[in-house]
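The first chain written gets the first letter, and so on, giving A, B, C, D, E and F; residue counts start at 1 in each chain.
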Amino acid sequence: MVNTLYTIAAMIGLAALLLAFVRMIIGPGAANRVVALDVMTIVSISLIVFLSAHFGRGIYLDIALVYSLISFVGVVAMARYLERGL
Amino acid sequence: MKKIKHAILSFLGLMLIWVMLTPPDMQEIVAGLIVSVLVVLLTLGMEPVLGDIRLTPKSLLYGVLYVLVFLRELLVSNLDVARRVIDPKLPIKPGIVKVRTKLQSRIGRTILANSITLTPGTLTTEIRGDYLYIHWIEIRHEDLEGATRDIVQKFEKYLEVIFG
Amino acid sequence: MELAGAIVTLLGSLFLFLGALGLFRMPDIYNRMQAGTKATTMGTLLFIAGLAMGFHETIGVSKVIIIILFVIFTNPLSSHALARAAHKAGIPLAKETVMDDLAADEAKEDSAMKGTQEGEEL
Amino acid sequence: MTLITILGFILIVIGIWGMLSQSNIIKIIIGFSIVDTGIHLVMVSIGYLKDRTAPILDEAVGKAEALARVVDPVPSALVLTAIVIGLAVTALMLAYAVKLHEMKGSLDIHDLKELKW
Amino acid sequence: MITVFIIVLGLVMIAAAVLAVQQKSLLSAVLLAGVISLLASILYLVLAAPDVAMTEAAIGSGLTTIVFLFALNKIRKQGKHD
Amino acid sequence: MIKKYAVLLLLGAFALMLLPFVTEVTPFEELSPVAQKYVKDGPDELGSANLVSSVIVTYRGLDTLGEVAVLFIAAAGVGFMLRRKGDVKKSLRREASGILRSGTVFLFPLVLLYGIYIFLHGHLTPGGGFQGGVVIASGIVLLLLADVSAKINGTVLQWIESLSGAVYVALGVLGIVLAAGFLDNRILPAGEFGRLLSAGAIPLIYSLIGLKVGAELVGIIDSMQKDEL
């Protein structure tokens, strides 16, 4: 029962990833794609924490932490590129 | 003075994060002390942003209240977004409005801007001097005073006590 | 406790989905960012907190708290940077838009300091 | 897992297709990095054993049961270094591309006539 | 459960790769390559290789994209002055 | 037109070549003999809980040294390709917003701390020198992005890079003298399994690798970014 609920939550998360990817495909323009990439990264952080719980290894959480820091740097770099500040 | 305060506060913050990252162990705590001091020393040349925090009992109380207000606003803003997204008619009336802030400290402004971004229907787009430009998903006031009252003041009264 | 965690996680995943749906449906980049930032921040927060409630023996709670703190601080900051960049890059607002104070003020400034060339070369 | 092996192969083929069919140098470099990712996926998936866990011993996996419960650490170590090298090679190629654009004013390989026979 | 994960992520990766090759805009192609790395690192977790996942997260989707952006920026600036 | 068909033909040949890997290879049931040795003896011999780290730092340490050398050569190559003599124009970059700048000042120490955490715990958790170095390099890139006037001090960078490289090699040679071979980690006591001060010299070597990799990557980014035309 509980496990089914968790599985359903993960599936909805995957659906969110797919929807964000649809926005990535249709764009329009690079700026919209950057927004979509940002959302995809945030959803991925959730999915990584889910996998960590699913496999029962707490050490996988370090990867989610790396993601939350690195994705920030990446998005800021893209934003600075778009506004010609790089 | 500001610099010393900044150094001490950031040392305490880094130490707290280190202790939360690592398992409880004497060796880890010693290593954390060394690493935190090292990081504080390396970043000493940067701006002392944390030096603006006031450490009075009143500001601590307001800090707790601020977190509670922030969490409530976060919940409200999500329900708001959910309502707008699910509605088949997509009820939006967006625009960029200008508001004024009384906060002077830089970290206070940063936290204000972040809080505004996470509250119902608003997104900080630009800051120039004392004015914030905010993308509002449903404009209720087009003038400066009305928008300031609606968007900024619910956070400002707490942040003003904490940061000044 | 486990059931409560599962329900919180489910709620979080619903918010994540709504964020993605908003990203999909909204008419222009600024409104998309509104949905994308708020709903995903809240969604991640609830999703991760629910997992921490359900599996606190295996994955531990303290690291999860740090992840939540990082997400709460970095997500609005990157959204702000993106929104500013989009406006500076001249991406148009949706046709429903009522007003744009920022563009008006920038136009005013440009006409005030005409001739300095600085704005052109960027 | 076989599915991921197949995925890796598909990525390799797509990347090579990109490298061969595109004439823009940046696109060729992107194709190269896709091939890179594909190869890494294949290598890691070959080291995977069914229902086993990561080769890091802690409370979840003890020293005694390690032999029966962990996956092969050697491909992981190999791929880890390969990813770092991939970044270095990509950066070097991009530096070449920037230099080339500075000299020729174009990124299209059809504009580089001197080396054609 | 995990199989569904692999299939969905794999299909998204293939689509991203094809689009990255086909895309006219260079910046969009770089972003799509970033998506491939992002999802690959989730797959590395499924394959029980967290070290590789962390490297891919930090390098593949972080620094590689940034290096690409810096190079594109340099090329853009050169174009202006020709 | 001919080119298109040639490409298709080549791709088909590739696909045919790769097909047997999918159809005929059966997945392994057991670890390979080499891996069995690493998994069985590794924890007791070297004291490292992360077996990937023990393979990278000690068992295949020489490869890692070569790899760091390749990275160094690539960084030097990028610097050489993009060097520019004389006429550097005034930088024409747009300022970052004030919010981003103060947010960066707040976040940079956290990134630095996390990078150091990753490479100090290379023998206990996923991660190690390479990942930690990359995280630190990203933190410095963040500073470069947020502040237009930020400059990287090349001399300090070179000193960090060459000093950590030299100490790395010296530790390797010390392994020949004090322990079984080049880059052996047992020059320091093994310590208690699973705590921070264990696994001999692995945390030390990984820290040096982290510093070196971080410095090299910052060097690459720096030569990509500076000297605008």
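Please note the rule applied: a contact is a pair of C-beta atoms (placed from the backbone, for glycine too) under 8 Å apart; a residue touches a chain by one contact, two chains touch by 3 or more.
A quick note: this is a predicted structure, and the numbers were derived from the prediction, not measured.
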Chain D and chain B - chains in contact with each: F
Moving step by step through touching chains, the smallest count that connects chain D to chain E is 1
What's the overlap between the neighbours of chain B and those of chain C? F
Which chains, taken as a pair, are joined by the highest number of C-beta contacts? A-C
Could you tell me which chain lies farthest from chain D when each chain's centre is the average position of its Cα atoms? B
Quick one: report the Å distance separating chain C from chain E, using the average Cα coordinate of each chain. 21
When the C-alpha atoms of chain A and chain B are each averaged to a single point, how far apart are the two points in Å? 23
State, to the nearest whole Å, the distance from the C-alpha centre of chain A to the C-alpha centre of chain C. 12
Where in chain B do residues touch two or more other chains at once? 17, 21, 110, 113-114, 124, 126
Multi-partner residues in chain A (2 or more other chains touched) are 10, 17-18, 34, 52, 55-60, 62-63, 65-66, 69-73, 76-78, 80, 83-86
Pull out every residue in chain C that's touching 2 or more other chains. 19, 21, 33, 41, 58, 63, 66, 70, 73-74, 77, 79-81, 84, 88, 122
Give every touching pair of chains, nothing left out. A-C, A-D, A-E, A-F, B-C, B-F, C-F, D-E, D-F, E-F
Applying the document's contact rule, which stretches of chain A touch chain D when the two form their complex? 55-60
Enumerate the contact residues on chain B facing chain C in the complex. 17, 20-21, 74-75, 77-78, 81-82, 84-86, 90, 92-98, 110, 113-115, 117-118, 121-126, 128, 133, 135, 137, 139, 142
If we count contacts the way the header does, which residues on chain A are in touch with chain E in the complex? 7, 10-11, 14, 17-18, 21, 24-25, 27, 30, 33-34, 37, 40-41, 44, 47-48, 51-52, 54-55, 57, 59-60, 62-63, 66-67, 70-71, 73-74, 77-78, 81, 86
Mind listing the chain C positions that touch chain F in their complex? 70, 73-74, 77, 80-81, 84, 88, 121-122
For the chain F and chain A complex, residues of the former touching the latter: 93-96, 100, 107, 110-111, 114, 118, 125-127, 131, 135, 138-139, 141-142, 145-146, 148, 225
